[in-house]
Each structure stands twice: as C-alpha cells, then as structure tokens.
Amino acid sequence: MDALKVSLCGIPLDNPVIPASGTFGYGHEFAQWYDINCLGTFSFKGTTLSPRLGNPTPRIAECSAGMLNAVGLQNPGVHEVIREELPKLRSCFHKPVMANVSGFSVDEYVEACRLLAAEPQVGWLEINISCPNVHGGGMSFGTDPASAALVVEAVRKVTDKPLIVKLTPNVADIIPIARACEDAGADGISLINTLVGMRIDLKTRRPVLARQTGGYSGPGIFPVALRMVWQVAGAVHIPVVGMGGVSSAQDVIEMMLAGATAVQVGTANLVEPTICRDIIMDLPRVMERYGITSLSDIIGGAR
Amino acid sequence: MNDVLFTVLDNALLARDVYRLRLQGDTGAIARPGQFVNLKVEGCFLRRPISVCDLEEDVLTLIYKVVGKGTATLSRLVKGETIRALTGLGNGYDCAPAGERPLLVGGGVGVPPLFLLAKELRAADKAVCVCLGFGAKEDAFYLREFRELGCEVRLATLDGSLGHKGFVTEILPERYDHFFACGPEPMLQAVCAVTRTSGQLSFEARMGCGFGACMGCSCQTLTGSKRICREGPVLRKEELLWTR
Amino acid sequence: MDALKVSLCGIPLDNPVIPASGTFGYGHEFAQWYDINCLGTFSFKGTTLSPRLGNPTPRIAECSAGMLNAVGLQNPGVHEVIREELPKLRSCFHKPVMANVSGFSVDEYVEACRLLAAEPQVGWLEINISCPNVHGGGMSFGTDPASAALVVEAVRKVTDKPLIVKLTPNVADIIPIARACEDAGADGISLINTLVGMRIDLKTRRPVLARQTGGYSGPGIFPVALRMVWQVAGAVHIPVVGMGGVSSAQDVIEMMLAGATAVQVGTANLVEPTICRDIIMDLPRVMERYGITSLSDIIGGAR
Amino acid sequence: MNDVLFTVLDNALLARDVYRLRLQGDTGAIARPGQFVNLKVEGCFLRRPISVCDLEEDVLTLIYKVVGKGTATLSRLVKGETIRALTGLGNGYDCAPAGERPLLVGGGVGVPPLFLLAKELRAADKAVCVCLGFGAKEDAFYLREFRELGCEVRLATLDGSLGHKGFVTEILPERYDHFFACGPEPMLQAVCAVTRTSGQLSFEARMGCGFGACMGCSCQTLTGSKRICREGPVLRKEELLWTR
C-alpha cells in the first residue's frame, strides 16, 4: 500500500485520510465502529486550556448539503484530555495523533500547546485560529494576518513539533493570512474550518440554533474549500491539509490535485461512522481508474 | 452499536400522521428499551433518530409521526424496500429500579419506547400502570397493545375526545414505585413536578451523529454534561437541573 | 392574492419572487416556458456600459449542490440592451423590471445607470459591486466599504429610481459594507452574489473552468446567504432582497423570516425553467401550512 | 422547447460503455435532427444534454456513453421508470444545403445525431455516405442501422480492429456536396481541414441551462458569439474561427 503513503511535515502517513477535529471525538468513539489504526492519523476534538461547556442547545441544524453546528468548543480542557483521553486513545490508536488546540488569548494557546506538545503520542499541533462559534474567540486571530502571526510566533517558541495552523474561510482574501502564518514559523496550513451559516425553523419562526448562527460544513462547502486549498497551496511553501465537505475517495484526490498533502474528513464521519475506513479502502480502485499510481505524486497536480 | 441494512416488512398508518414501520434485519446491538436507531433517510443529509418501540428476534418496530421532510419520506417506504440504520444507540431505560409497581408516562410520539419497556416489565411480572396523553382521539395509538400486555392503561386527551380531558399528569395513579417517562419537554417537566418517586425520563435533541462524536446534543445536568445520544436519551430525574 | 403582495422600495410587487440576474437573460428566453407576468419582477442579465464577450469556456462546472460559473459578464452592452432587449422585453413583460448593472470604474457604473434609469420600464437599478469573475472588476468595490460607497454615491446623483446594491459574500464582515451603501444613499441591499469556488476534473487533472475559479451558486450556498441576509437586515434600515440557493416556496419564506423583503431565485431557473412560476403557485399552500396569512407580515419575523 | 416526462421503454448496452435508451413521451417539440434534450438525472445537480438519435411518433431514442456519474445513473434506468427532459433544444442540422450527395462524418458518441439526419436525408432520397470513426471494434455501433437506411457506410477504428486503421478523416469519399459532422473537437477540426465543401458541425459545451439563459456555453465565431445550446450545437463551417 505504498501507493497511498504521504509525508506530512516530516512524519510519514500510511495514507492521507485524517478525520477532522470535532467530528471524531478523542478517537475511541470510532474504535467501536472499526480499527482506527487504518487512518493516516486523526485530529482530535478542539481542546482549550480550561474545560468548556460549550453553547446552549440546539447546536445542530440540518442543511440540504450539510449541517450547521454551534457546539462552541465543548471540551474537558487540556489537563483532563492529557489525564483521561490520551491514555484511552493509546489503547486503540498506535500512531502519532494531531492535537487540535483552540484558545481565546495568545497565552492560552501557548500553554495548551506546550502541555500537549510534551505528550509523546502528539505528532502535530493543529492550532485552530478560526472557530466562528465563540465570541471574541478564534475569529479575531484568523481573520487578520497580524493576529494570526502573533499566535503562531508565540506557539512556535514552545514546541519543535510540527505546527499546523487551521484557517477560517470567512475572510475576503485567505492568501495574506496563510503567508503570515508561514512567515511566523508554521510548518503547515490546514483549511477550511466552517463557513458561518444559519437556518430558520418555519414552524417556530425562530433560528434553529440557540446561538442563531453556526458553522456550515459538509458537501455544500466543498467547492469553496477546494478553491482555498488551491489558492493557499499556490501561495505558501509549507504543506497544506485540505478539508471541507470531503466524503469520497474522489474528493480526496480532487483536494490533493488542488495542492493538499493530506485530506481531512469531518462531517461525513457523523453521518457514516465508517466513512474514513471506506474511503481508504476505496482509494486504490479510484486511483487505478484515473491512472494514479502514487498519491504523493499528484499533490498539486492540477497546477 | 451496529450499522444495519433493514428490509421493510410493512409501514402502515396507525393514527393521525403516525405510522408504524416494521423492519427486518440484525437487531443484535439493541440491548434495552429506550434505545434508539438513527435512520439514513433518502434525500436527507442527517440521519433521523427514532426510538425502538418493539423488538422480536430480527424484527424491529418503530412508530413515528410525520412532522417534516424526513418522516414524510419514511412514510412512503413500502414493503421490500431497504433502509440503513445505526442501531443500539443511547443508554435506554434501566429496569432495575422499577420496583413492583412501575409507572409509565407517555405523551404523543413519546409513547413508542414505553412499549418495549412495558413488555420487559410485564415479563418480569411487574404491575405496570401506563398513563398516555394524546392531543385527541385521532392521535391515540397502541392502547390495545399495552392492554394486551396486561398493563393498566389510563388515557388523557387535550380535547377530551378520549379518556380524561386534560394533561396526562392529571391521571397518574396514587401509588407507584418508580416512573419512566417519554414525551414533549413540557410534559416531562410536569411529570417531574408532580411525581414523588425516583424516575427516568427520555429526552430529545437535535443530533449531528447520534453516537457520541459531535457534542451536538449535550445537556447540562447536576452530574455534569451529558450527551443525549450517548449518556442519554434517558436521564434520571435526580440529575435534572429542573429538580434543583 | 393580496397575501403574496410586498412593496420593494415603494414599488408594489404582486409577489416577492424575482428571478436573479444572469440566470434569466433579458426575460424572453423564459417567456417561451411560461407567462413571466406572474413574477414579482425580474433582474435582467448583468449589463455593462460596453459590450463584453465574457470569459473563455468551459465556464460551467457542476457541484454536488450547485454549480460554478465563470461567464464573466458576457452582455451586449447597455446601448444594445436598450435598443434590442428592452423592446423585446416590453412585448412579453408588463411590469417594472430590475436593471442589473456592472462596471469596472465608477464612471462606467454611472453612465450605464444613467442610461438605464431613463428607460420607463426600469423600476429599480440593481448595481452589482460583487462579481467575482472579472479581474479588477466588481470585487474591489464590494469588498471594501469605502469603495462601495464611492459607487453608490456617484450613481445616486444620476437617478431618483430605487437603487439596490448587490453585495458579494466573499468578505469577512458584510455589515460595514451594507451600512456604507445605506449611508451613501442606497434604497436597498441585495445579497448574496456567488461564493468563489473551484472544481478539478479528475480525468484531465485540470481545473474544470478555463478561468480556474468561478462563482458558486445553488442550494449549497443557502445557509451562508440566509445568515448574511439576517445580518444585513438587522444592520440597515432599507429593504433587503435575499438570494442564494433559493429553490422552493419554503426557502422563500425562510429568507423572508430572516429579513428579506423580496427574494431572488437564480440557479434554480437554469435547471427547472418554470421554477419561479411553480414557487409562486406553491406559496399559498405552504403559507397555509405554516399559518402565514400575508407574506409582508413575516419579513424579519425570526428576529 | 418542452418539459416532458418520459417513460423508459428499454435501455440496453449497445457497445463498450455505450447504451441505447428508448423513451416514450411527447416528442412534439423536437423539430430537427441534431437537436438535443436535457435530462434531469437523479442525484445530479445539472441536467445532462444528449442528442436526439432517432424519433418515431412518441418514441425518442438516445445513445449515450457512460463517462461519469450522470451517465452511469442513466445506465441503471429500467423499463417503466420515468425521466424528465427538456426537449427540442438547439438549432439542429439544416438539411436544405445537403445537395444530392451529402457526407456524414461521426466519431464515437458523436454518431447518434447523424442517424436521424441520415434518415431524413434518405427520406428525401439523397445518396448518403456515412463515415464513422471509433476507437475499436468494441466501441462501434449502429453500422447495420445506417446500412438499412440505404447509406453507404465507411468505417475507421484507431486500432484497426474494424474497417480502416486510423482516423475517420482518412476514409472520406472523393465527392460529396456538403458535409455534416459530429464528434470530438479534434475530429471536427480535422474534418474542417480536409473538406472542401460547405458543412455543418455539431459541438459540445459544458452547459448550465441548455436553453439560452445562462451564457455558460458561449462560443466565439466569425459571425459573433453563439450559444452552443441555442444558436448551436450545429455551427456552419464558414463561421468557425478555425477557418480563418
């Protein structure tokens, strides 16, 4: 299966398929569905320094080609994650994991990253500067090159592990933000996080979500995600991890042709719990159909 | 938890907008009354959670009300068609604290999960009292089925067209050891308020996944944050914020 | 049918359903499918001062819940529109029409608007400061409040007819742009134009569109559109015309609950040529189902 | 132009990946060979344009090759199922300039529209020469059908497994009055280059609507910008930029 292998920031992956943060918990939920060691890696639930209860419910709204979520970064906090979740994870996953970190100040990012980077199983840090659900949260960092750089520089000082910065698509021009992250020392860029969206319930005539707006994910955002992956891959020299609506082996290949070194699958896990395994199993057949002998060869191949 | 392909045995109108769907397939992952399945409905992005109403070997019975696009599509399924479902989701009701005289309180399409529960309690020879509330006579279903299990069945309808006119909480028996409830949230709240015993209540939530992955269905309780799809849908009365 | 009536910038509409610019030509293409006088009005193909040949083909790419276009504002130019298209239109449409105008400089906008505003059948001017397909085109005006205001102020001087400004969703924050337009004298805001998206052909390993990226429209953008309509309707005092992925009577109602006074239907016309008529015919039934007696009552009703 | 609900009569494999779909329904809007229909395929957002291959009263024949998702879905249609189509789209071929000895040149799935054209020309008693090019023997179809119309049929395959080995442009007859071509663009370009007479060529384009509304399919010609779906798909050789 060498045909599927890629390398992400110097760490080899058996395949480029990575469940996306917030849709795969801390892994063990999915170990009940299949052996998650088949994955390239996975990005665990967005973790913050302190525990967070998240937003009021309803937090979920359906869309015709995806969903909205306003989970609001509910997580047990980095200490609990290290104490409870990582040991559980070790028992079902034997590869380096991607630690997804959110924060509401530079210091919070730094402290959470420092703690997680010290964990042996953490292979990459993925810092989410893009979560649109939390007031005064990631939004401000991710929509402005200077603030983005601030976080990256600060986190860079506390770890030598690969640092992947996850960007929000809710910006007019993604390129300066990606470049600022690269210049500030990021080892990779991942994108996209969710688009801000909304639904209204015709019966109650009220927004479906308690928080009114939420993050739109799923197949409906794929064309926007692909475009941004293409733009960023063409603008930086570090690897890009592509995501947004990916739900088939074909989508994975399209993302890689656009320039992604690895591809995350988010929402699709929620609807089809075995989708990542299924995609990995399907990849060789689809590659053959399109005459692809090695995935690492096609990264950015559409340019 | 299991990902199962079911075949439709039948799908019939039971009451106003309410259908009973019987499915054949692997029900092995379903362990308790009060658990639910998450149905992949053609044309809907998210799955649709529906409670297990009855279980007999490889036949699963669901009762659902048509309230929107997904349930409308469900209602058009015909014999021989297939549908996929994640099964064995949620904690379900715990029969251990039922006592000798358990009380079951159901409202509208909260009634279905109580059926398998009543069946199990009757199999353990409990004296089961079932209090059911519906909007009107046309909405009522499964009265005969509960009676055939040997339950005492009490009825309330909002318009008085069948049984007591009013809320189901107005027809609860004097004595019972523990209660099990499922229905709209205002009903659950009322049940909590009028009952003196311990009890278990089944909740609904908008769900992203239905199996604990997305944190979409979280609910704050006195014992911490619970996922309705995983640590729920059944919560103990004692842990509800309402009881504080 | 008073139940469907709304008023847009002082002009009464029999119903709020308006085919969106670029998906309805200059009207007569659709007069072959049905009597287009059933429409509230329609917004004609984006017109520029000079004729434009548009972009190279392929200009169209399919997405799972919509499409990309990179038509590039192909149009015969305002003089030809006035000479050829408007007379043809008069013969099949007897209501005020919405004239959609694009430009690449303030002067161009002004001149095209001046000419079109002088046409008796033109009821509203809809100025598109948002087209993402054209280099140095609308993009710059629509992504910055000051440039947006510049265009609006200039056009405002040459016409008293209602001026609706059409915004691009490809911005980090839509509110300041909408407010700038209102302050500059706009009578209404319409949104959203297309999101920038991309597709790659797995067979050729090349972007599907000759221009690589294009405008994403259709049901996949509905949640983003609804959110922006909600935000803008809450931020300005002028009417909002909502659009983006609308393809059913339910969608129309949801847009109006979010704050839209009228609703445009774009891409859906291309796939179902009679969709606008069908929606108008379906509205009374759907209104009844949700207990709505008059559409004008529900504008912004979700707030 | 018309929006028609068709019923599938049959849908059979004709050659490698190539199917013939026969549909029953109102064909009244179809006026000329070379026009196309735009099919609403389940699960695809945009419609799929397919040329009219044959027409008999209310039976429409289409021939299509499975090249992607939409055509794969089409290939699974079975008798009795329904499919919606916009019919009578495009200008179609003009038979008037055909002369006594028209030449028809088709490549691959460019062959289908030539069939109805040949039929009409034969009905007008023209001496029709049909030159068809395919990849290989397994890809060829409708040879017998063209012969049965009384056409002279010449064949080329790229691998030489049937007829001449090489391009269809290498087997054109010496004499003909006017040509009609349909096939992949490189073939059309070659046909333009080797023919001396006037002719008509049918083009493909990625389409948004198929009926002139979106400007998605525009093509520059010597006589101005043309919409492939409306002023095309058939263009006259004389107006092509290639001939400049």
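Each chain carries a letter (A, B, C and D) given by its place in the written order, and its residues are counted from 1.
One rule holds in what follows: contacts are C-beta pairs under 8 Å (C-beta built on N, C-alpha and C of every residue); 3 or more make two chains touch, one makes a residue touch a chain.
Quick caveat: nothing in here was measured; it's all calculated off a predicted structure.
If you take chain B and chain C together, the chains in touch with both are A. Between chain B and chain D, the centres computed from C-alpha atoms are 58 Å apart.
In terms of their C-alpha centroids, the spacing between chain A and chain D amounts to 47 Å.
The mean-CA centres of chain A and chain B are about 36 angstrom from one another, to the nearest whole unit. Chain A and chain C, compared by their mean Cα positions, are separated by 34 Å.
Listed for chain D are no residues, as none touches two or more other chains.
The set of chain C residues touching two or more other chains comprises 63-66. Arrangement of the chains shown, judged by which pairs touch: a linear chain-to-chain path with two open ends. Interface note: chains touch in the pairs A-B, A-C, C-D.
Taken together, the chain C residues at the contact with chain A in this complex read 63-66, 68, 143, 170-172, 195-200, 202-203, 205-207, 212-213, 216, 219-224, 226-227, 230, 245, 250, 253-254, 257-258, 290, 298, 301-302.
Listing the residues of chain C that touch chain D in their complex gives 22-25, 29-30, 32-33, 45, 53-54, 57-67, 69, 71, 74, 208, 218, 267, 269-271, 273-274. Chain contact summary for the complex, chain D toward chain C: residues 1, 3, 40, 44-47, 86, 205-209, 211-220, 225.
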